[in-house]
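In what comes next, chain A is part of two complexes: it sits with chain B in the first one and with chain C in the second one.
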Partner chain A sequence: MIAMSLRGVRGGVGTSSILAAVGHALHELGQKVLLVDMCPENSLGLHFNMDLAPREGWARATLDQQPWHEHAWSVEPGLCVLPYGQLQPDEFIRLDGLLLEQPQLWSQRQAALADAFDWILFDLPQRLPGHMANPQCSISIMVLNADAACHVLLQPQLAQTPLFLVNRFDAASQLQRDLLLIWQHRYTQSLVPVNLHADEAMGEALARSEPAGRYAPTSLIALDVISLASWCLLRGRRAE
Partner chain B sequence: MAALPTAVQISADVLSRKERADDIARLKSMMELHALEYIDVSAHMELLQAFERWPLLAYLEAHHNTPLDLQKDAEQTP
Partner chain C sequence: MIAHWFPYTRLRREQNCTRFTAFSLALIQGLGWIFLRLESPSWKALREQHRRLYPHLAEKRSSIGDPLRYVVQTLWLLLIRTPNLDQIGRQRFRQRLGGYLSAVLMIVQRPWNLLSNTFADLPSTIRPQVSKGSHWWDSMRWPMRKVLYIAIGILALALIVLCITEPFGYLAQLVFVILLWVLAMLVRRMPGRFPTLLLIVLSIIVSCRYLWWRYTSTLNWNDNLDLICGLILLIAETYSWLILLLGYVQTSWPLNRQPAQLPADINEWPVVDLLIPTYNEELSVTRGTVYAALGIDWPKDKLRIHLLDDGNRPSFKTFADEVGINYIARTDNRHAKAGNLNHALTLLDGELVAIFDCDHMPARSFLQLTVGWFLRDPTLALVQTPHHFLSPDPFERNLGTFRNRPNEGELFYGLIQDGNDMWNAAFFCGSCAIVRRTAIDSIGGFAVETVTEDAHTALRLHRNGWTSAYLRIPQAAGLATESLSAHIGQRIRWARGMVQIFRTDNPLLGKGLTIFQRICYTNAMMHFLVGLPRLVFLTAPLAFLLFHAYIIYAPAVMILLYVLPHMIHASLTNSRMQGAYRQTFWGEVYETVLAWYIARPTTVALFSPSRGKFNVTAKGGMMEENQFDWQTAKPYLVLSVLNVVGLGFAIWRLFTGPKDEIFTVLVSVLWVVYNLLIIGAAVAVAAEVRQVRTTHRVLARLPGAIKLADGHSYPCELVDYSDGGVGVQVSQALQLPVGTQVSLILQRGNREFVFTGTLTRSSERFIGLSFAQLPPEQKIEFVQCTFGRADAWLDHNSGFEADKPIQSLKEILALGVKGYYRLYEYLPTWIRVLAKPFLRIFQWLGSFLPRMPKAATPLISRPVSRS
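Up next is the complex of A and B:
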């Protein structure tokens, strides 16, 4: 079992959409995949036609001291989503403290899931250090867009998450080409060698409650995501 | 990918993998110009132009601890 996490360098860079699309692509490539929503927004399931903000989820169950593993949704055989569950702001801050106190919590859960899944993908939130640090992942990727704000935020965060992935790349933009050139020179080892292109199909897919690869299998972004999933398979084998 | 025939065959053992993939390194080896200091001017210029176009990027670059190596081949052979 390979654990991978995605986290945006800031909000709104498209992290959850990528996670849903990569999970779907890995499943298409024959892998058993579990997607875990680590974000209090509790909306990852929308990419798979699940209910908005389901009440039950792993975080709700953990706080209520209930079995956490009973709330996963099966999208299709071998592809499951574990929602976060509904928590009030004071509750998810309390849970964050709990996760900091018990740094082994998710690694124990990952070990328990190892036989059932080939991949566990974590959608990590912003600014909740307990949530961000708890899953033990052999592949941790930071997602960013090729803009100046992400460039400012990138450098201080690279020490924490040494791999980064460019999303919504537009080759027609001079600024984006220049940023990519600088990143390729400065962070050769950190840059995931697959760029996800800007594609209307990605936004449309969520509006249809589907991952991009199912909504538009021949779109540019779906092909990019298959390339990314293939890279993950190679990288994962090396990490195991 | 098929290997193209070259007038001078280069032993794979002599060159590192990076050098084998690097046309300039192959040319230097074939022409026995090992001491030639080659700088990829176009890549250098593109980076400089990028920093000229966007002052914030140049400002951030100046704040990095290690200056960016603008030469194409950063790896030095022993």
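Up next is the complex of A and C:
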């Protein structure tokens, strides 16, 4: 079992969409995949045609001291989504404290899931240190867009996240090309060698409540995501 | 046959038959239905096979002769080729026959295979012994070894001299040549270079023996005509023999040099001046080269690009300023290209000088691959890389061999230069090369005395103790000459220039060269004297047929016993050495086309080397329609007429001549027919195939993506590109109207570039884009993503088929036939009008001939390339 987490360097860079697409692509490549929503927005299920913000989820269950694993949804055999569940702001701050107190919580759960899944993908939130630190991941990726804000935000983050991935890359933009060139030059080791291109199909996929690879299998973004998934497989095998 | 009782109206309406024809055919068919029970299953089965059994009648309009044709074909099918009656039985018979044959063959085949497999494995089986032996040899003392070397040498020399000079009778000669041939066939199977050397030795022995025999026993000293004709042929043969031997030495051990590593510290990399000389070429051709040069991977402050415009054209100056390169022009244009380069050198001070003709686009890796050797070897003056052509040369275009056969230059750049490099004799070819500035200065600049300044410069460098290197990695691509006449013009210049150097600065004389360098240079120059000898070979049998001159004064059988082994061994050896770069017998066609045209200038240059001027080769153009280059083909038409006359004489001699000459006449006829077909192949080249594109499409398989205006992107494969557009294959069919804006995303290394173009063609998954409107900086990027890629030309030989001498011979002969057919197609109308009735009669008579039960394949099925 390989655990992988995705987190945006800031909000709105397309992290959840990528996570859904990569999960789907890994599943297409014959892997058993569990996607875990770690964000209180509780919206990961949208990518798999589930209701927006289902009441039940692992966070809800953890707080209520219910069995957390009963709330996972099976999208297809071998592809499951575990929602966050509806929590009030004070509740998820309390949960974050809990997670900080029990740093082993998710690694124990991961160990319990090891036989059932090949991959567990975590969609990490922005500002909840407990949520962010709890899952023990062998691959942690930070998602960026090639813009100046990300470039600025990237610097202090480098020490914590060893890998970062460029999303919505548009080679027609001189700025984006230049930024990518700088990053390729400076962070050769950290940059995931697959760039995800800007593609209208990605946005349309969410509007249709599908992962991109299922909505538009011949699109460029689908190919990019397959490449990323293949890279993950190689990287995961090395990590194992 | 039509399944109707009385198909009169049908025949009248659908086939447009006359009343009489329709009535007769319908009557015959009606009678058939009445008396033969055509509705029965067996007739039905036969009717179903109609198309297969009567292939020539299936598509044809019915005519009155058809019943006779059916009868003939039926009889033929029933009596001679019995296809459906007992196909199985015939197959069985064939199998049985094949079985017997293979059983007989097996008796020979099995030991032969065993033997040849043993030979093929020999190098690995005897490795331990060999290494032990070489240890023992190394442990010996030098004087002892020296004595042994000399002894072995003398012994081998004595044996070779014996083999060459010993006169044999028929039987002895037969046994001798068969033994050598068997040995060659066995050695041929062994891998590695040593067997190649063995094959060379065998070929040299056989050829020397042939020549010795020709000199000692085939000249008729008693008849003046015989003697003169015989001597002319003998001189031509001696020339070929010499070229063969020199060629063996030159290419026996190709060096296969690898690029040398550059130092990690970029500060140690030298400053390079990249010169692009131009005189009257169009700006559109030059642009691509400049863009590609701007994309070369080299520190920006250490690469200076200069456009040397000898035409002094304002448009070139504007362009140079636009893209930010240096523009150099001069007031006169003395000494053409060499003068242009020398003038530029006075203004420059870089350590290295790279030279690209204005139509050779360099790859981005050119400097990184070549400069390493200059740093490693301080005496190195020159690194040359191959001239690769992205468009078909006239041979390839007119014969349809582009990308599937090695072209004319392939032998030189694939093998000969690599062989030269072994002997430190790789020479400068005027473009796609890089030279050391101090070396050029030490010989006083580029040589200006001859019209081939490049080879002469290299010769001077070698004489002054500098070395040269050749890297067989295509690092630039250019346009081939557009027409046959331009191609011939270029070769005439080379031929004249090389012969000029041979006269004025003979590589055999003078100081500073090693013996092997002398050989390599001499061969390169002598090679261009091929014109006269080739013409002699093309006309030699006529001397006997027309004038009854015994050019080879020996019995015909003896001639065959001597000349065939000489040719076979040369072909076997060359096929092994050069097969990947030139297929057997193709050289004959190339030489034949050039023979007439280089014969005169080379002879003139040989006697008066100062005459001759520099002509620029025209490249990259259009040919509006198919046409026949009568002007160029004229000498070959004359030669073929002469040979046809020779054939007529041969028939006359066969019937009226003395009985003991019949075999000689037959051998001469064979020779004449071979000559006719080779000339036919040369004629085929003169039938110029239309060339409509101004820009040439390069086939490729590159990953890319397209982006539409609505934001959707799709992966695609770039299947061809030119400087004006691309063709891509998209992963899914997109219904896009012509004129849509489409962006193409291409990668170069790990960088991406986007080019927005207009959709010009769309069919299924294929999309054609035009990039006519790209801004200049985008054009640079586009050239760098396509023509300038480091691996752009590396797989140019992937489509070549392996050389098989027999197959190759068949192709050339078929090409000869095709040449005459093409000639007929281009004949003036009045001749064709005159010839038509005869052809009609032949065709009509031929239509009665029975056919094979399945469609016959055409002689050459390969389509003529249109690009």
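In this text, the second predicted complex is superposed on the first by the 240 of 240 C-alpha atoms of A that agree within 3 Å, B and C clash if a C-alpha of one lies under 4 Å from a C-alpha of the other, contacts with A are read in each partner's own complex, and residues count from 1 in each chain.
Quick note on the criterion: a contact is a pair of C-beta atoms (placed from the backbone, for glycine too) under 8 Å apart; a residue touches a chain by one contact, two chains touch by 3 or more.
Here the structure is a predicted model, which means the values were calculated and not measured.
With both complexes brought onto chain A, simultaneous placement of chain B and chain C is prevented by a clash.
Of the two partner chains placed by superposition, only chain B is touched by A:Gln155; chain C is not. In the superposition on chain A, contact of A:His185 is made with chain B only, not with chain C.
In the overlay built on the shared chain, the residue A:Leu175 is in contact with chain B alone; chain C does not reach it. Number of chain A residues touched is higher for C, counting chain B against chain C. Legend: residue contacts after superposition of the two complexes on their common chain; A:Leu220 is shown touching chain C, with no touch to chain B. Touch criterion met: A:Asp199 reaches chain C, while chain B stays clear of it.
When the shared chain is aligned, no partner comes close enough to touch A:Arg238: not chain B, not chain C. Contacts of A:Arg127 after superposition on the shared chain: neither chain B nor chain C is touched.
The clash between chain C and chain B in the superposition falls on 258-266, which is one of the stretches 258-266, 276-284, 582-590 or 798-806. Contacts of chain A with chain B, set against its contacts with chain C after fitting on chain A, overlap at residues 181. Within the complex formed with chain A, the residues of chain B that make contact are 43, 46-47, 49-50, 53-54, 56-57, 60-61, 64, 68-70.
Interface residues of chain A facing chain C in the complex, by the touch rule stated above, are 169-172, 177, 180-181, 184, 193, 195, 197-201, 216, 218-221, 223.
On chain A, the positions that touch chain B within their shared complex are 148, 151-152, 155, 174-175, 178-179, 181-182, 185-186. Contact residues of chain C toward chain A in the complex are 705, 707, 710-715, 731-732, 743, 745, 750-754, 756.
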